[in-house]
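Right, I'll just put the structure down here and ask away after.
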């Protein structure tokens, strides 16, 4: 095997030296995956050698792996050779010139969600030059961040401008061998975000706001790396409540978070990819690997997610609690309606002493959807005085959906305290009647009760997003009851 | 990581050596199935924490010795010494040695019928590697029936003994209970080892409760330190029937207990509780599965464990509520005390729900004794050691409050106490 | 002037069981009526039928409210038309803020009446004023609806909602049950404060004690789904003394 791979490497290097001049000029690569495609992809981005080699290592390992089948989800086999692994973003010429040219239905949804006016054009894909407001807002943000010494840029830029940081931290939380989809991502990732918060710096703004305006079309294999150096704080929000459509069915993103001593990272996600129609046709497969490493003492990583989109969601944002006294949190609302399937949860790996973790998962199932919580709490032998509390609640709206709970607790230290509670319920007739007797319509009563069910999670979201998330929930569950 | 393998050729030879007492066809069928199924490996979700490698090694060694089939006549009924549970619990005992029933007295001959499973009954469970292996190596199947409306006042005791001293280190037991409509029965299943040698016992018990039947069932596992035991209780619960089940694990080297309760009609009521005490390098795995196919029905499961030494315990409960099983009320809990820094508990309480008019909840905890309670006791003049024993005992004693078979209460309480004393005195 | 609420020969059932069996009742504006009766007589059913609970099926009879056929309206429409039911067992709605529910309810009604909605600031001002009237802690507003409330707190919360929604017809179902004497007095005080010439109140109760604090204009005794006897407040005292059997015997004689 090893001799063989040397041959491959030499072959690869030779080809790489010659490059793919014509391919680089073109906007996209033909479908299919092989080492040539990876080399071409890397060459298009002008990546340094370490990056190319890392991608190739990942690809070669991927070839030895099998697609996982353990999750509570079902989908037809994916043809990885039918996917195009590089395509340039749409040029401005193909985009709507102003909001007037945008599908009114989409605008109506923005309205329901309460998306600020100045963000709508960007979200609807209006050519950037036409969006004067957001450009100026973004410029202000940029200078503020620069002043604070925060690095926040597309991943591909970080590879070129901060190779030492990328090389040091990339794959240090999610190794390229980690799992089938993460390994595929490592080989072919397109772009994503890179954040570095220097020692002692509190990031002067929610990176959410900035990100929403500047989110590039990062495609289906997104890679995000956030490093919070000692004593720094950052709050980052990915995604958006606005419905995101994408032609790519498979999304296999990787997010790595590193929190050094005394650092705090708050990572919030609102995921609303196209879920497919009522009959389960179309929709995104969202197979994501998200992991945070509380590497230093007293560090804290907090995941908050509101998952309403995608035909299939398969993600387990996790915390590796390595540093003493480090804290991991996971707050999740997962909605599955119609034919959606969600298998989501978290892993809390307690390694350091006095580490603590909290898991609050709220699953809502409607239509014919299947919604599973899958979570692992592992207390390693050296993790003295570790604490975990897990609360895992499911709400069923209708008779044809499913709600499942698969919690794993692996406890190897006698000083650990681990508690898991789970409940399953439906909206009771009594609650509905009570609200209606107060003059509230049935539909409003349902959304009120559902939002109440999710309250513990919503209050963890950045303020301006909490309201949108509530509206999103209502939109996602439209027609689910009654 | 691969699934452990039993040598199929040796197994086939052993099956062929068993006498043709009418079961041959079923054994051959099970043998063929086993060839396809094999034993489950740790890659399988239900076996991720428990490896059957020791059972495979014991089986292969035993098969390689070309064991002669052990027959009922080989064990004179008076040779087996009277066991503690027999003395202490007033029950109608049926004795089994390495899976073969010995002695010929019929308890309650007027009411309970004990016989062979009819040879043409093809319902013998062989749906996974363990049950097929069991079926292939069975000498016989014991069938116990309680007729409609009959209440059996004295419990039926199953003394399941293993003796590996004569190179009979693998034994398979299969018992089927048929409890008629409205009938009532107590069962005590007592596992023990008569020799200190390594041995592997596979026990499968089927329990079928007809409409309105009531069964109180106690499993009391007191195997020796070298015993590998896989047990399965497969229960089918008819309309308005009720089951009270208690499982107590005290012994064994590697023990797996699968309890599967299938609620096929409305109105049934299940309470299942259990206690596992583990120390040394014991590995005790309890898997409980409750299929709520129809509602309304209620199930409650509560298991507790106390772990010491380098022991490892596994608890997995699974409640499945089928589409349309409205009115299901399922609750599960699992609480564990870890007393040593080398012990490990892996617990996984699962819910799989496909109906909305249900009430389902589960809870699991891993922790230590309540410090406030410890302090309280000490403030009343009780020394720390005695206080922690007291609280440990109280933690275990909750299973006694709900013990399924009342006639066994004193014996079980005594045995738990003895084990707790050993457990607590073991250095951590 | 027509009566506010006019019930004529009302028959209802729940599942296959008949509950109300030819009940007739007339309630005029400004009046306070007490409906008394033993357990199982149909008191709560009457309250729920007026509010529109869908588990009760009206098999015959009419209910007219302010000249409208009440039975045609959905529960929320009845509420917006001014009918308030004080629940015997107020429902817990975890995570839903008390103030949020109340504001949504107030504004639903205002919209219905063509009035502008009130904003959060105005709402809070109003709520605080009403709460001080009822002697309630303002912290109440920020808790989940009835979540973890004591029995007394739940009942007080019902009266607060009533005070905020300013109904034309309030039906208070066993609002006195489970209250200690101080809570009972506080609740009664709240109800009395809401008495007004354009408002009718129907008190559904098992015992006379609430009526010591709220003086009714009319008292009705309900048994087996129909009103056996009506009278003034002295009927309540007589009942307390002689028990429900007395009415039943008198009726069957």
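Per-chain numbering from 1; labels A, B and C assigned in written order.
Simple rule for what comes next: contacts are C-beta pairs under 8 Å (C-beta built on N, C-alpha and C of every residue); 3 or more make two chains touch, one makes a residue touch a chain.
Here the structure is a predicted model, which means the values were calculated and not measured.
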Query: Which of line, ring, star, complete or other matches the graph of chains that touch?
result: line
- request: By CA centroids, point me to the most central chain in this structure.
  value: A
- request: Select, from all pairs of chains, the pair with the highest number of C-beta pairs in contact.
  value: A-B
Message: Using Cα averages as centroids, what's the distance between chain A and chain C in whole Å?
response: 50
Statement: So, in whole Å, the Cα centroid of chain A is separated from that of chain B by 44
Message: Rounded to a whole Å, what is the gap between the Cα centroids of chain B and chain C?
response: 57
Message: Give me the residue numbers in chain A that touch at least two other chains, ranges are fine.
response: none
Statement: Within their complex, chain A touches chain C through residues 428-431, 433-442, 444, 448-449, 451-456
Touch list for chain B against partner chain A, complex: 45, 323-324, 336, 338-368, 428
Query: Okay, in this complex, where on chain A does chain B touch?
result: 70, 379, 381, 394, 396-426
Statement: The residues of chain C that touch chain A in their complex are 51-55, 74-76, 78-80, 84-85, 87, 90-91, 93-97, 100-102, 104-105, 108-109, 112, 144-145, 161, 165
